[in-house]
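One chain, chain A, appears in both complexes that follow, with chain B as partner in the first and chain C in the second.
Entry: the complex of A and B
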């Protein structure tokens, strides 16, 4: 039974991982804790649900939800981030939090505050390995998440665009002098992090077959916790942190009961902050990121 | 033919004027040096030529084209580049990645590889440490890396901002030999330096700034002998000779 819980924990962790990577891109490169990301996570799930309800095939609904999330992220960049460039980093944080509230309430007006059932895409397809049951949908989500993050890590390490991003992460001033067009790079990063968050929301909806206007909050904050546990600004740190938080959550539900989930997850965060303040894979107090 | 033509350039930081009506010309194949005390506006001049700080008035013409309204990346694509003050090596990137960053706008991957190998041939120390983080390099090696990175952009004009700062005398000599060598290979150079003697010795033309204005310009040999040059560094009426 423990093995089954480990599998479930990894599946949930894969979703936290996507959200944590989205957060880590925003904070690692732009030094911006973007609280609209949980909203975009929710938008991914809710819009996919809404479009499928209108009768769209699932692939169109998913593509549409991702497209809208990217678009909304560009609006966040334009109105919450760009005008606040010269101010303290807390200012865009608060304005992005405003977008989270706005998005939640827009969805609330359209779909109501209740949990909505998300249709099963791959009904009753399970793999049985001994005692352990793995849903195909879960397996596909895990595969997509890991492949995407591995690709992203390769992209940052081995391409010109990746080196440009890492240069901006280390020093905007140097990036400017090296001829990096920061003004076009920043919106691209907003789109990338929005796509990761929204994809996380879609995968969550597919796996757990439910959506609600507030589904982003709990997951979003656990995504932040996962990022901090792994080490802010480190992609592989976000991967480790996401999986760890997912495992901690599932194991504590099965062993200690659902009431103590938050104590376990945030207790883990607190413990790691005390023992290793820079996070598991973060580098202490340098400018080095990603 | 004039490669770079700066005419009447003025730059302000808020209400403080940093550059006032500065003009200078770099002809193809020349080394031109810009001298002046700290705060004279030398770095600001180079940044304004690159487009990294906005000009309040005046213009920059490069290779016959008015680039005054272009952002830095467009000017760099035309063959203008800056080796910034303090080198600004990216310490979270490896030596090789720093070099590749210099070529980040180029798509001719094979030529980039070849030129990187040529740079490794020129700077064997960098070749040995190519996979290491650039933070492991000594100051002199970092300067070589900064110049190598700039060369990767295939510049026609390289602007160097105080490249000898903080280097050992041995490395300073190597640096000036390198500048001569690159120039002999056809690169035009705009050199900002504190080491007046060495800069005037390699330059074909010189301009002296004081408080954001051009106070002297012309032949470096004549300037080297001019007592007003020392005054520009040490203030009015300074009689003491420069330390070297």
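Entry: the complex of A and C
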């Protein structure tokens, strides 16, 4: 059933897409490979689960999880990004990974290491088009992801704030000379990427109805892969990369078996990096960090 | 020596070997996030040679290192065309692909893992770790270390000074792979069992953490970093489930206060000056 697998791949790709866009904001504008993002992805899913377990209605739980993720991201900015300016470019990696370990273990202490069932939020309804079955929850999350990314792309292209962000991405020094307040822009970008990652985690929890303290790792790394395949720093590249990685994963599971997933997904990444390092939709790097 | 202490020291020795495997390419400006893949090549090659071919441990481990080095050289040439974060991601992808290939190789047990019959005692592990450290100290006093620093500092200037930049980069990458392969080969024979899942991206990433934490400016950094990462979680064992959370917290604070790592050139220079004054 190829068509069904294509649909499943697209739905999974929508989650990767959000994570990839979160990574691409951090790297495209701030030149920071932020490994705390998989932790924030997990935090989104786990906290939404935890708050709903306390009896909160789902919208409050989701808002609460997003809020906490944004707050944690500000702490990451303060401790992992800000002190590292001017030092070896690999160093922020260490601290952001430190945050990933910290978040995972805090959740582990609170909720245990097992997978927890996430309550079904939407009526268990499926759309049937011919022989293809599409879950309502999956369709909604695909819609949310695409709409959000489209809005973000519009925001960057058309608004003043977007122009400021693109200026910083182009050249930090020039942006500073033009009077752009980088010190307030950077935390805002951290919050934006955290919200995207945490939303990805919530949507993942809603779609697949399970959460665990380690759910961020595999998806986070595939999000990075998606970002690079599409082209670092390009939002639509992240979209294409996310969908492509999702498709590659689902198709290789259904055709070749679950154990070869990493060969196809990361083989694809390796191939792209050797043949076309700037990614499918990226511009060649003129300047890079790390 | 108690069994517990020996166990901790063995883990420390393997971490030190892995840390230097990451340090060598890093000294030339390459962040290798796929070191676990090269350990896997060394481990599986050596284990296959002793299990199925009847080799003894020593040549098998050497062959494991050679195999990892060969793959490093062959894959390194196209991969080293990329720079910076692209190179880091390429090595990351490479590590994932290698461990996934071993996961699917039924000759060496596939997903079920691969038992190894020959056993290497702790003394062999300590010996190798000490050997690697001595080799690195020796290397750091040669011109090769200067070439690495030059290539890291500014490839264009290094090129203008007549250093073969591509050659040095490939050499650093390959040497790192060989060290990782030898470590992996001995790992297989000490623990008598290997599985592809062990050689995961997290192993690679944590090894990079040791090195960056210890500091990349001097050859002592990886040793100190590996020591800290192995011993402190053991000391925090009393903290039970809070152990890794406390550990991560300390790590974040430390890097915020001292981003250049624990051991720096300035620190060593200061000690030398104090030494000569006394």
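Points to keep in mind about this one:
By definition in this document, the second predicted complex is superposed on the first by the 285 of 290 C-alpha atoms of A that agree within 3 Å, B and C clash if a C-alpha of one lies under 4 Å from a C-alpha of the other, contacts with A are read in each partner's own complex, and residues count from 1 in each chain.
Basically, a contact is a pair of C-beta atoms (placed from the backbone, for glycine too) under 8 Å apart; a residue touches a chain by one contact, two chains touch by 3 or more.
Being a predicted model, the structure only gives us computed values, none of them experimental.
Shared-chain residue A:164: touches chain B; no touch with chain C.
Look at A:180: by the touch rule set out above, it reaches chain B but stays clear of chain C. Shared-chain residue A:217: touches chain C; no touch with chain B.
Where the contact sets of chain A with chain B and with chain C meet, they give residues 288-290. Residues 26, 31, 78-79, 81-86, 88-90, 92-94, 96-97, 99-101, 103-104, 110-111, 201-202, 205, 208-209, 212-213, 216, 241-242, 244-245, 247-249, 251-253, 255-257, 259-261 of chain C are the ones touching chain A in the complex.
Taken in their complex, chain A has these residues touching chain B: 160, 163-164, 166-167, 169-171, 173-174, 176-181, 286-290. Within the complex formed with chain A, the residues of chain B that make contact are 47, 50, 52, 71-73, 75-77, 81-82, 84, 88, 90-93, 97, 100-105, 149, 153. Per the touch definition, chain A reaches chain C in the complex via residues 27, 33, 35, 79-80, 83-84, 87-91, 93-95, 97-99, 101-102, 105-106, 108-109, 217, 221, 224-225, 228, 232, 259-263, 265-267, 269-270, 273-274, 277, 285, 288-290.
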